[in-house]
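My structure is below; once you've seen it, I'll send some questions.
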Amino acid sequence: MAQPIISFNNVSKRYPGGREALSNINFTVEAGEFVLLTGHSGAGKSTLLKLIPAIERASSGTILVNGQSISTLSGRGIPYLRRNLGLVFQDQKLLFDRSVFDNVILPMLVTGQSHAESTRRVRAALDKVGLLDRERANPVALSGGEQQRLCIARAIVNRPTILIADEPTASLDDEYADAIMEMFRSFNQVGVTVLIATHDRDLIAHSSPRVVHLQRGRVLDKATA
Amino acid sequence: MAQPIISFNNVSKRYPGGREALSNINFTVEAGEFVLLTGHSGAGKSTLLKLIPAIERASSGTILVNGQSISTLSGRGIPYLRRNLGLVFQDQKLLFDRSVFDNVILPMLVTGQSHAESTRRVRAALDKVGLLDRERANPVALSGGEQQRLCIARAIVNRPTILIADEPTASLDDEYADAIMEMFRSFNQVGVTVLIATHDRDLIAHSSPRVVHLQRGRVLDKATA
Amino acid sequence: MNALIRHHLHSLRQSGVRFASAPFAALANMVVIGVVLALPLGMYLLVSNVQSLASSIPTEPQISVFLTPGAAKTDVAALENRLRAVEHVRSVRFVSREAALASLKRSPGMADVISTLRENPLPDAYVVTLGEGSAAAAERLESELKGVPGIAHVQVDSAWVRRIDALLSLGRSAVILLSALLSLALVAVTFNTIRLQILTQREEIEVSKLIGATDAYVRRPFFYWGGLLGASGGLCALLLVFLAQVLLNRNLSEFGNLYGVELRLQFLPVADAALFLAFAALLGWVGTYLSVSRHLSKIQPR
Amino acid sequence: MNALIRHHLHSLRQSGVRFASAPFAALANMVVIGVVLALPLGMYLLVSNVQSLASSIPTEPQISVFLTPGAAKTDVAALENRLRAVEHVRSVRFVSREAALASLKRSPGMADVISTLRENPLPDAYVVTLGEGSAAAAERLESELKGVPGIAHVQVDSAWVRRIDALLSLGRSAVILLSALLSLALVAVTFNTIRLQILTQREEIEVSKLIGATDAYVRRPFFYWGGLLGASGGLCALLLVFLAQVLLNRNLSEFGNLYGVELRLQFLPVADAALFLAFAALLGWVGTYLSVSRHLSKIQPR
């Protein structure tokens, strides 16, 4: 558990518009770590998280994920990188033209798992987030909090080695938020590396693990672990 | 300021799936009031708010908005009802195929305002939420918090008499959340009735106005004002 | 009212923007609709041309009565009187064997052959024209005349006319059938195009409705788009058919010269062309209407 | 590998689902493509039929040499020898005036007229057939023979053949031009349909890419859809043309009887029909390819 699974080296990100969202970021995450990424609105949390699955590409610097350099990764390699990651997005990106079940099975279809195996794993994931009884429903019929949990189910169904979540508790009240964080912690206990962006102060106060603080695109690393 | 502008009489809402999201709701909002709607995830906050612009229709009971009965409103009347309301949605509903400016001008186009007047008002609204310098940008280029403020600009551009917001501070940290609430309060001071759903405890603790608490689809009204 | 005009203008401008944003796709759509419409239009043009050509051919049945060579003058005179007395007969015309040969000589390619003949092989004849639609009477007259002395042979020329008429009415029904079928196809294309257009703009529609847009406001741009699509497709069809006609006329006139006939296809009168365009726009409108009725109401904000 | 097969099946099933979800729209698309493809296909069929009909007409120029009535036997014999000696001449056939009349009598409608003739008006004749492509030689021979005693008239029959050939080659180039144009139109239709399909499924594509779908995975269902669209449109075109052919044959055979000829359009051989289908599918595929290359890469997750 002391091997860096994610490492940023002098990473900067300047958006085409001219904003430098991240400036000279340096930080590493060890395999099996649980890291909270905090910072004000616009600090660059989402930008940092998007660099890991190569949704955004760094302007300079190198990023290593699982020992592989993202910066030099070709378009063909990106899908295979993403298959090892579980992603929960700030804007949930659910598909409202299909059922809860069909939303969660998507990652299984993409990697071409067998039907039986897929079904089994989708049910397991939905059970984990407490939505198994709504698998036939349309995501429209879910409340904001339920949709949030659906996103988590989709992110974990493929048993990723790294779980990345952007504000997963934003539309949840404190009790639900604690439950969700407990869930992430349980994934972490079975060896999944977890990286979560949040601005929830309570969450930060309660959490024992490491907190990385972003401020105007710079890291203020204070290892609490 | 003692005239009911919104009133719910024995309103229930059962979704087709069979869930009763709201049971026998009774409550009124006076013109010029500032009301916070709270409750756990799934309590029915969004459902209640959606009944006012007739996005969802009540299963039983009557709702009056501006003295008009929503329950008996025909499809033709709905657009005119909505034009008096400023709506901020939990899932922001921004259009990513056009600029920030074009997102905000939409309500002006719908009501057929002149171009000069529209432009003036859009700029004023963007200025109010601090996004005037980004009017040419695409909403994709905004951080979560900036998108939230964009939604508020769109909701106020048409000078609504009632402002309804579903979790407008969900993706904001406390400082920004306070700023946004301050903004709502300033609208309220010029006579706009404001109704906000939130589960943010700090917000509720800090706020002096009336709080309506929902629990499993029932109102626990405790007028703090 | 001012707002309404403003929105109509806005919708029109939107159509322009949409065209500019995908000109290739829009042009492709136009060409396809053009081709589909050109088919029945071209056929209609052909049929109506053949019809006007055929109408220059007498539609009244004619009977050629060939006389036995050297028949007695009195027999011939009696025969003429008899023919004139028959019911339905319009006119009786005597064609002498000399006149027949002369007319035959004028046919291209025949002059040389005829000049090799030692003597005129053709008999004298009467050409009897009956009233319109009296084909049955013509056949009765034929059988009546067959035994009469002085008559070598009787030939009814109505069969041809009837055949051309039959062909024309077949052509007309084919045009109607084809028009109906392809109008349907055109409606279907617009239906589908607008359907996909609506699905593409689902979010915009949803947000507009939330903001207080009336159904009419949401629908209007689609109607403009559908109508313009139909009309521009119709224009494309007119162009295609016009081109085909010009090309065909070049060949036809050469071909016609061989027979000494003036063969030229006439284009649609301007009024008809305008009507056709309006019809194409209407079809586009109908497709849009069906599509909008079916798909737009499904998009409800949630 | 197993996963790949599974995904191909999944893509095919998706096409089925998509069809079922909007059968009317899909059928409309098919019919339109069918109509567009039926145009050049039908024309091709027509041209190739006329061609095979024309090939049963001798393409070697023929010269009919009509003799003066009552020409001396020795003159005639000398003439025959002279004709046989001419360069390019393939065969020389004597047609007696009796044989000519008998053959004329066999033409429908002529028997009656001929029976009214007092005597045979036709002259004896030689039919000279020259080798293929020697139209110039035929014309030279014509002018040579014109003054020869015992010859009343010389007629070269090659003009017609040349005219038909010219018409055929015009038809062939029209088919090629039309095919090219409408193939382009078809590619454009598929391009547009797939473009709107992609836009409609923008979110699904975006999410799929985020989840680790390869470009091939995202593209595959569109290729299936485009190919199937093209092929089913092609099938529709074959059906339309077949129907038109059956209808036309019914009228043609009646018409042909009048001339004592067997007029029947032949349908495409099965192999050609299969090739046509494959071509239609290919066109659909190409349209999809262009559309996918252009539009899919624009959809990137953010």
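Each chain gets a letter, A, B, C and D, in the order it is written, and its residues are counted from 1.
Assume contacts are C-beta pairs under 8 Å (C-beta built on N, C-alpha and C of every residue); 3 or more make two chains touch, one makes a residue touch a chain.
Note that the structure is a prediction, hence the values are computed from the model and not measured.
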> By label order, what chains touch chain A and chain C together?
Replying inline: B, D
>> Measuring between Cα centroids, what's the chain most distant from chain C?
In response: A
> What is the distance in Å between the mean C-alpha positions of chain B and chain C?
Replying inline: 63
> Per the centroid of Cα atoms for each chain, what is the distance between chain C and chain D, given in Å?
Replying inline: 23
> chain B to chain D: how many Å between their CA centres?
Replying inline: 68
>> I need the residues of chain D touching at least two other chains; which ones are they?
In response: 302
> Drawing the touching chains as a network, do you get a line, a ring, a star, a complete graph or other?
Replying inline: ring
>> On the basis of the stated criterion, which chains touch which? Give every pair.
In response: A-B, A-D, B-C, C-D
> Once bound in the complex, which stretches of chain A touch chain B?
Replying inline: 15, 17, 40-42, 46, 90-92, 137, 141, 143-146, 167, 170-176, 199, 201
>> Under the definition above, what is the set of chain D residues touching chain A in their complex?
In response: 2-4, 6-7, 10, 203-204, 206-215, 217, 301-302
>> So in the complex, the part of chain C that touches chain D is made up of which residues?
In response: 22, 24-25, 27-29, 31-32, 35-36, 39, 66, 68-69, 109, 112-113, 115-119, 121, 123, 152-153, 155, 163, 167, 170, 174, 182, 185, 188-189, 191-193, 195-197, 199-200, 247, 251, 258
>> Quick check on the complex: what are the chain B residues that touch chain C?
In response: 50, 53, 55, 75-76, 79-83, 85, 87, 89, 93, 95, 97, 106-107, 109-114, 154
